[in-house]
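In the two complexes below, chain A is the common chain; its partner is chain B in one and chain C in the other.
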Partner chain A sequence: MRRWIAPGAVIWLLIGAAYFLIPLVATSVYSLKSNQTGTCCTLENYGTIIHDPAFWKSIRISFVLALETIVIGLVLLVPTVYWVNLKLPRLRPVIGFLALIPFVVPPIVLVVGLLDVFRGTPDWFYAKPYGFLVAAYVILAFPYIYFALDAGFRAIDVHTLTEASQSLGASWRTTLGRVILPNIQGAALAGALLTLAIVMGEYTIASLSTFDTFPVYIQYVNENQGYPASALVLLSFGITWAAMVAIALVGIGRGAQTRVGGA
Partner chain B sequence: MPFFAYALLFLFLPSGQVMVGAFRDVDGGFTLDNLRTLFEEPYRTQFRNSIEVSLVTALLGGLLGFLIAYSAIREGTPRFIRSALTTFSAVAANFAGIPLAFAFIATLGTIGVLTTFLADLGFNPYDHGFSLFTKTGVELAYLYFQIPLMILVISPAIDGLRREWREACASLGASSFQFWRHVGVPILMPSLLSAVILLFGNSFAAYATAYGLTGGQVGLVPIYIGYLLSGDVLDNPHLGQALAVGMFVVLALMMLLYIPLQRRASRWTR
Partner chain C sequence: MATVELRELRRVFGDVVALDGIEVEIESGEFLSLLGPSGCGKTTALRLVAGFDRPTSGRVLLGGKDITNVPPNRRGIGMVFQAYSLFPNMTAEANVAFGLKVRKDPREARSRRVAELLELVGLADAAKRYPHQLSGGMQQRVALARALAIEPSVLLLDEPLSALDAKVRLQLREEIRRIQTRLGITTIYVTHDQEEALSISDRVAVLSRGRIEQIAPPAEIYGAPGTPFVAEFVGTMNRVQATVGDPERGEVEISGTGVAVAAARGKMRGERVLLLVRPETVGLEAATDGGGLVGEVVSHTFLGAVTRLHVDTGTAEWSADLSTERASALPVGARVQINFPAESAQVLSLGETEELPVIDPDDR
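On to the complex of A and B.
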């Protein structure tokens, strides 16, 4: 058989590389242009961003939202997936089907309904990103966390672990916390990192419910200042990159990476 | 279980509200008028545009994604390319929305880096009918996440094409074309179809990229829903809900095709 790389393969890989690298290179070039004169090369765009308090505020909001979404998502789903795998395997197709529903109800449709249903609810929920937005983001993140966890649970022997733990006198809580969790922490971490990437980039729901998250800030700078937005875009790409590389490094999350993006 | 209560409250209740609202008139009575308007202009064109953009990017993205994934997996390609491609695809498939739109403006906008470069060579694409801020531009940007998504979804299926099958064909005297015509493509077909359907839905639902690129100036359904939600368009609050139901119907049809194909495709993956 052939030992060298096929010429056809080289061509397609090069086309792919060009398509994906050129916009990144162009953004980098933009980020070095002066916002006043449009000429190269200066770091002033980066300075503008770093000295803008709105930047720090928006990125903190997005980061806290991501952490909150991760915690709520895991607290809701870990026991559920555990229980379904252990006691109710019949429910597995049901929850797998549920995990497909967020694809049929995309963010733009979800936000129409959410705004309608929760208009008029108390301010601590409706008017705060940490209430309303997180509630929506847990739904967006649910399929990714679920598929990551499900893969993790399938890779371990839930029954044997549970029986062994209980025959040694452990309570349900001890079993879940000290036996099951350490065994699925890789899967949980993969789900958490994916959620981080999703929340840090989510624009549709945040902008239409008028919260100042990181992507909303990027769009604001893009509309009002131009060039400095490129520094933010590179940062945003870096965050996504870091999350995905971390997933690859943990060596798990196979099958969990099929992010159905778009947003 | 608390999880189901949560899904009920934040997924089913809002979706149900949208669906019920689409059948209400301004006074709260039952009506089919909202849905009937979906077949009138400009909504008809918006739906046609959305479906067209999704079809184009799903088919083109699917084809290119498959070719790139196959190039990386096939024998002879160094292994590190495959792992680099997988990681990169995971990043690019997630890199959508406002940042992606900006990256394309920096590349192919009126004063984008590539535009200026081409103009220096004597070919300014903007003099030849091209504009990034149109349907074509949106399609170009969408491919940036569609191709990587295809690579991620189709790679396991390509892995399932066993080397022995290829060798068996070759030793029986089949050409490369015959292998693909009679073995490769028929086996991959369910996977390819379900992947393309997934890509279609992915693009159909997308909002942020198109918004960031055109500032809401392109006639796509999600963009118009966003416009209705953010503006003070108060004449009929149920129109947005009707458009949302229209999207929901298209995506639900897509899922009905997707699930059985997915089941069939999993037959050959290990």
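On to the complex of A and C.
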């Protein structure tokens, strides 16, 4: 039987949809106007962006930064959260508190502090986005990855699974790799997607430390070319979504049979 | 198969003494249950044998070898947990195969062994199912098969049936015993359910406050409890305070009335004792004026084949199990005389200051 949605709910749904869709529609109408004449409708703005080598370069930088941040974040946090849940549950509030710091400290303070802390480190780290920026982004991503992982670990019986695995002869490494990881894959994936979205959109730190990441490029175009900037925003929107879907598909494909089950 | 010895095993958590120097020897192939209320130390003891925890002092010996400091993954001990221990990302088959895979058994030997074990626990058809597709009872069967797959020298079961419903529990416990007898594997079974412990064990160790109160075959635990605690914890027992009247003839006095109790022989005259009488040995008759222990029937509890009558004598409350037919002749309010065979009652000495044990009703 088909379920009808209450008329009141439909109204709210429409208001909600309008809130998100009107700016998108407006932007896309704007992006179709000619940069020279201001008349509709042409795809030349998209052509301008796609043929700009700086576009591809900056998007590549941001994407690699995101992947690097995700990998480092997970490598640091998966074992940490596992251990805290297993052996040091009293540390959970402490780590939860630490995870809130990136929200509380404004990015401007963070970047000034980090530039100061890392001053004097070798050039390959300090002067390259893949070094310094990633260090900053791992901090920014910490709360997102941590809370996602923590929820994932609390959804499984970490103690029993670990002990069962050990009683069957498995070492710590085997236990983590074959028993724990496959069962928190969903949580790790959620953390990774959030991190990707953050890194693809982070402007303040990148700009203040003068690296040309994708958001910095968007801002640059926005200041100089009106109509192509709209096209770029829509492109970035599409690309970020495509990247998230790609990661999600990889994760779902690998964890197709993974389900957290109980009696 | 191997023997297990716990030597002066002690485990302290902060100020709490979870295990206060217990001493147990488990023979090869024996089925021993650790029985006691929650917090008595039974699970702590099991975890020390499994190696998930280290004792504060004392040793664990497996087949005569000290394994106190051997990590759990090198002990070769199989363990079945209360619940949720199956790996959710693996099928029943893969769960059973896990231990074999870890020790790198060749593929064919592995799949043969897995099939054999799933057959043993009656789940050959469910090999490809994931844990969330199995009932609680089936999950525990898989967990048992998985623990047995690695051919452990000892099998540990930590309240494996407590999360299951009554019918499945009964069925599975008989099956656990059947499989254990067939494989002849040394087994330690932790439970707070006395019926479970009595029905499947070779011996039962009753624990309280980190100490072993009594360790004996089930019949002895039930028929001749060694301490007031065991008497209270195992089965239903009438516990009545009395004083030894005539030690030669074997007589105790219960609030002034002399009652023949064979076990009172050899005690000291005037000694305070606890008289223990099982309800099924108590007989009731309509009271005449001939004296004896007299009380009033205060309630009937229908238990099927028998009906339990509660009788208030003014100083104590007695339970008596009568055939339902006989019970109907003694309605609530009837004055009855309480009898029991002189040989059926137990007598435990009570120290001057010793308090009667208090047990959380939820633990019984």
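We adopt the following convention: the second predicted complex is superposed on the first by the 219 of 263 C-alpha atoms of A that agree within 3 Å, B and C clash if a C-alpha of one lies under 4 Å from a C-alpha of the other, contacts with A are read in each partner's own complex, and residues count from 1 in each chain.
Following the convention adopted for this analysis, a contact is a pair of C-beta atoms (placed from the backbone, for glycine too) under 8 Å apart; a residue touches a chain by one contact, two chains touch by 3 or more.
Not measured: the values here are computed from a predicted model.
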Touching partner for A:40 - first (chain B), second (chain C), both, neither: neither
Chain B versus chain C as contact partner of A:54, first or second or both or neither: neither
Partner chain(s) touched by A:18 [first = chain B, second = chain C, both, neither]: neither
Touched partner set for A:138, first chain B, second chain C, both or neither: first
Chain B versus chain C as contact partner of A:164, first or second or both or neither: second
Partner chain in contact with A:127 - chain B first, chain C second, else both or neither: neither
Doubly contacted residues of chain A, that is, touched by chain B and again by chain C: 257-263
In the complex with chain B, residue positions of chain A that touch it: 1-6, 8-10, 12-13, 15-16, 19-20, 22-27, 29-30, 38, 76-77, 79-80, 83, 98, 100-117, 135-136, 138-139, 142, 197-198, 201-204, 207-208, 215, 218-219, 222-223, 229-230, 232-233, 236-237, 240-241, 243-245, 247-248, 257-263
Chain C - residues contacting chain A, complex: 50-52, 71-79, 81-89, 98-99, 102-103, 130-133, 135-136, 139, 143, 146-147, 149-150, 163
Contact set on chain B toward chain A in their complex: 1-3, 6-7, 10-11, 13-18, 21, 64, 67-68, 70-72, 74-78, 81, 83, 85-88, 90-100, 102-107, 111-114, 142-145, 147-149, 152-153, 198, 201-209, 211-212, 215, 222, 225-226, 229-230, 240-241, 244, 247-248, 251-252, 254-255, 259
In the complex, chain A residues that touch chain C: 156-157, 160-161, 163-171, 174, 178-179, 182-183, 255, 257-263
